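Each of the next two complexes has chain A plus one other chain: chain B in the first, chain C in the second.
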Partner chain A sequence: MGRFIVRRTLSAAALLFATSVVVFGIFEVIPSYNPGRAIAGRNATPQTVAIVNKKFGFNQPFYRQYLNTMKLIFTGQIVDYQDQLNVVSEFKSRFPATLSLVIPAALIWLIAAIILGSVSALRAGRFADKALMVMAIVGVSIPVFLLGAVLLYLLAYKLTIFPNTGYVSLTSNPAQWAYYLILPWFSIALLSIGFYSRVLRSNLLDMVNEDFVRTAKAKGLSQQRVFRRHVLRNSLMPILTMFGLDFATLLGGAALVTETLFNIPGVGQYEATAIGNLDVPPILVGAMFTAFFVVLFGALIDVVYALLDPRVRLTG
Partner chain B sequence: MALGVPRFRRNGQGSSTGDLPTQTTQGSSTEDLPTQTTQDPSFALPEAGGVAARPEPLVGRPPAEPEGPSTVGVGPYRLAFRRLRRNKTALFFGAVFIAIVIVCVLAPVYSHDVAHIGPNVTNPTGTVNGKSVLSTSGVPIGPTFTAHYFFGADSDGRDLAVRLLYGGRTSLIIGGIATIIIIVFGTLVGLLAGYFRGVVDAVLRPLMELIWSFPPVILGVAVGTALALGGIGPIKGNSIFIPAFIIGVIYIPYLGKPIRGEVLRLREMDFVDAARVQGMHPWRIMLSEILPNATSTIIVFIPMMLATSILLEAYLSFLGAGVQAPNASWGTLISDGITYLDTTPSFALIPGAMLVLTVLSINILGDGVRDALDPRAQVKIQT
Partner chain C sequence: MAERLLEVEDLQVSFATEDGVVRAVDGVTFTLDRGEVLAIVGESGSGKSVTSMTLMGLTRGPNARFAGSAKLKGKELLTASEEDLQHIRGAEIAMIFQDPISSLSPVHRIGDQIVEQIRAHDKKVSKGEAFDHAVELMERVGIPHARARARAFPHEFSGGMRQRAMIAMALSLSPSVLIADEPTTALDVTIQAQILAEVKTLKEHSDSGIIFVTHDLGVVADIADRVIVMYAGRVVEQGTLDEIFYDPQHPYTWGLLGSVTRMDRDPPKRLPSIPGLPPSLIRAPRGCHFRPRCPHEFERCAEVPPLEARVAEAPDHLDRCWLEVEDKRTRREIEGRIGLVRDAA
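On to the complex of A and B.
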């Protein structure tokens, strides 16, 4: 276990380093990218731009700029070029909104996928199975902003059941919080349910043939117990792996489309604005933030693997 | 993933049975069962790094078919083609896709002979059937269902129906170019890394892991916004080749990784050893010995990558990092239309419907192709 933690920490550090260098490098090689000019404003004189360049160190060599930026990030003093806001505190204040969006959405799709996938495997070839097949293939063909737009139009504009956009924090009013977030939750969840349940279904159907399932049946365990304790438990692993990665990237800001469409003040919305302004610090922090969650959930999923399946040892 | 259409139709077994569990599980598919158990993704243990521990695709083995009188002496691709021909759902959606392509290719004809207006011609002060194209407050006219402004106008008074067709062309061209980039370079990278291993693999594999560990939308938007400003070399910032190029590069690992795995397996086979001891050049071994055995994997990826590329283009354009003005694509049209979602939803929903229909038909056709090539395959891709 100790070795596992050490190795994962090292690989996390390596990935964070690579990510930061690449993101920083992308902007460095773009010919038209001129941050000094962007900060100084549209009508700035060359002198002002020169002063800004000097103050922010944009005329220093690449590695110096990189080191300076990293130092600012890890001391929490980094500011964005656009509004001079502290990026770290901006991420901190926006993260609860992203958590409010992503965690319930992820729970909805994971639980629904486990139920629907099991139903569909147990009744393979019947109507429920075929309906799920259709849902899965439609789900991978619709972009999330289009589903969000359709839901908004039907349920917020036409029927006015739900508010059109916006966000209320959980601490100020839990009921309003859920009321405002239901449409965004389902926009994210609906598209993944079909796909996840199809993967689970095919794993379940492969697992039924395994020796340990036959043994469990031969021991005289009830049908339900065999399914829950042996078949389902072992079939969950592949979708948990997928889930870990998807969830991690959503936490890091991959929900930026949903947050923009529904006007939710989360980290994704901040990243989307920053990307539009070519504002490097928030993009850089966002990418590292995502990479951090990817590594963290990769490790967590491996721990869950080991708990679910005693044959798996935690290494590297 | 196993989606779409009835599977496991076998020659000489009478009626097709769809997806019955008996055939998938306790069934008599003895011919490929031994290899199946060892390669099954359900048994994939966590790889080093965790990030890579996704279910690996299982495509690429020669299609298994029970020996029967009707199958003797028929090549695997002909068998696959026969299976595909029996799959009516896949054929129907294949036809839908071809129809969409034809309609979008004919966009100039519609623009010139029916609507009499170009895709980028602004007409803010014009009138159609006695109504002005833009209201005094600048709100564009909704669908007229006549030759002019069939689906209404956009906020610059451009004809949306014309832009819808041209936008479709743009989306399809970007998807097509990106797919070609993915197939060519993904195969090349996979072959090199898998065959030479060692130093080549040590360079290529981390590169692929790096791209793979970014969510495609975030990476695409960052690079897309940056390049849209200045362009690359001689290519202008608003060229449609920029999003095509970016999407292509982003998805190279999604093909390169499975091909690499496939090549790692194939290079240990006896026929490759035989070629090696004959003194065959590595390039010749890769191209004429290994590549033909990986072809079915590549074929399965073509429609999947096309659908995924078109979707990613829509995401990038929606966020303003894909197709740039004055060009249109389905993504930019949806993005423009969402402003008017409460008054004229068709502005966003019509290009949306075209986009979904296109991607859906490619996906269903691709599913049929995959089932035909390898009925037990499972491939995963995500946007």
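On to the complex of A and C.
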């Protein structure tokens, strides 16, 4: 276990380093990229731009700029170019909103996908299965921004069942919090429900023909018990891997479309704005933030794997 | 007379597939009494596994069709409800499968899998009691350090130990019928012998009826009381062990017996085999299914031969061959595969 933690920590450090270099490097090669000009303003004189370039170090060599930026990030002093806000405290204050969005959405899609995938597999080939799988395809095919917009238009604007975008924090009013977030939760979850339930269905159908499932039946277990304890239990593993990665990237800001559309002040919304402005510090921090979660959840999933399947051993 | 456990009559099982209807089992009739070991012998695809799994309702499915009758102590199994079958499976009829590596759940402890079997049929047994019973069973089938090993997972067991665990599981509720579906096929030869010894002990110490499905005639000679020879979904011959081994009536049985090396004979230069392959069960040959591979085939073989006694002094020795008994004995001798030396036994 100790060895596992050490190795994963080292690989996390390596990944963070690689991510930061690549992301930072991208801006070096973008032709129209001129941060000094962006900060100084559209009508600034060349002198002002030169002063800004000198102040922010944009005229220094790449590796110097990179080291400076890293130093600022790890001392928590990095500011974005656009509004001169502290990026780290911005991420800190926005993270609760992202958690509020992503955690319930993840639970919804995981539970719904397990139920729908199971129903589909148990009724394989029959009407319920076919209907569910068509719905799953539709769910997978609809882009999040379209689904979110349609939900907003129909349920918030036309029928006024739900509020028209916005966010209330959990601590100030839990009921309002959920009320404002229901639509965003489902617009994130729907795609994954479709995808996960299809994957689970095919895992389940493969598993049904396994010898140990036949043994379970031959023992005289009820169909329900055979399904839950033997078939489902052994089919969940591949889903878990997918879940870890999807969940990690959403936490890192991959829900930026939903956050922007529903005006939820999360890290994704911040990153979306930053990307629009070619604002390097938030983009860089966002990428490293995501990379961190990917490594963290990768390790967590491996631990869960080892707990669920005794044949798996933790290795770095 | 021993209690009759199973009465199977004219059992037919067919599966609808994309290529057509597979008649996997076509008119199988046999009985099983308490305390006896019945061997079902045949090549792969002869319908022996389907026959035994049908008894437990394990071949049921949207594409399966059944006809005939299979009764356990007078109760019809083919039409039994899924719920009735659940009570029969494991408790009345238990099964040991071919491949112990894939037949145990990889994610549950061995002991827990036996406990699950015990408690599936009697909820009043506490987990602790069931576990103690599981440990006892594991000791009985020769698993050392059973109490500690019960907490191990299947991948921590060797193949032979896993098969022992499967046997312990099958025995946990003292079923009246025990079906062993090629239990030694996937194991090393030395382990095979140990597992066989285990089944023999079982035969002596329990009063279950045992159905032993195998294609290994050496194993049959070792443990069976009676033998059914199946070919392409049909029973071609059945009788006592001695009848089948020393006076086989069907050319297919001769072929099977001829393909075995024997300790009491000079080794052959080349081990004889039956030429050709078993027919497709979708378009089986007209008449006798063995006809295309049979060197003794004649006109009448295009009609289906009935399964009946042809040796007057052995009314329970049935076979499906049109040849006259005396004719068979001569041809068998000429084929030179079967010895009729009864004293050799």
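The rule is short, and it goes like this: the second predicted complex is superposed on the first by the 313 of 316 C-alpha atoms of A that agree within 3 Å, B and C clash if a C-alpha of one lies under 4 Å from a C-alpha of the other, contacts with A are read in each partner's own complex, and residues count from 1 in each chain.
The working rule: a contact is a pair of C-beta atoms (placed from the backbone, for glycine too) under 8 Å apart; a residue touches a chain by one contact, two chains touch by 3 or more.
Note that the coordinates shown come from a computational prediction; the quantities given were computed from them, not determined experimentally.
In the superposed pair of complexes, A:V150 makes contact with chain B only, with no contact to chain C.
In the superposition on chain A, contact is made by A:K217 with chain C only, not with chain B. Look at A:A97: by the touch rule set out above, it reaches neither chain B nor chain C.
In the superposed pair of complexes, A:I39 makes contact with neither chain B nor chain C. When the two structures are aligned on the shared chain, A:L261 is found in touch with chain B, with no touch to chain C. Once the two complexes are laid over each other on the shared chain, residue contacts for A:H230 go to chain C alone; chain B is not touched. Of the two partner chains placed by the overlay, only chain B lies in contact with A:V208; chain C stays clear of it.
A count of residues in chain A touched by chain B and by chain C gives the higher number to B. Applying the stated touch rule to the two superposed structures, the overlap between the chain B and chain C interfaces on chain A comprises residues 125, 234. The part of chain C that touches chain A in the complex is made up of residues 56, 58, 62, 82, 86-91, 94-95, 97, 99, 102-108, 116-117, 120-121, 153, 155, 166, 169.
For chain A in complex with chain C, the residues that touch the partner chain are 125, 210-212, 214-223, 225, 229-230, 233-234, 308-311.
Chain A contributes residues 8, 11, 15, 18-19, 22-23, 26-27, 30-33, 121, 124-125, 129-130, 133, 136-138, 140-143, 145-146, 149-150, 152-153, 157, 164, 195, 198-199, 201-203, 205-209, 234-235, 237-238, 241-242, 244-246, 249, 252-254, 256-257, 260-261, 271-272, 275-276, 278, 283, 286-287, 290-291, 294-295, 298-299, 301-302, 305, 312, 315-316 to its touches with chain B in the complex.
Put simply, chain B touches chain A in their complex at residues 1-4, 17-21, 24-26, 40-42, 44-46, 48-51, 53-55, 206, 210, 213-215, 217-218, 221-223, 225-227, 229-231, 237, 307, 311, 314-315, 318-321, 331, 334, 338, 341-342, 345, 348-349, 352, 355-356, 359-360, 363-364, 367, 378, 380-383.
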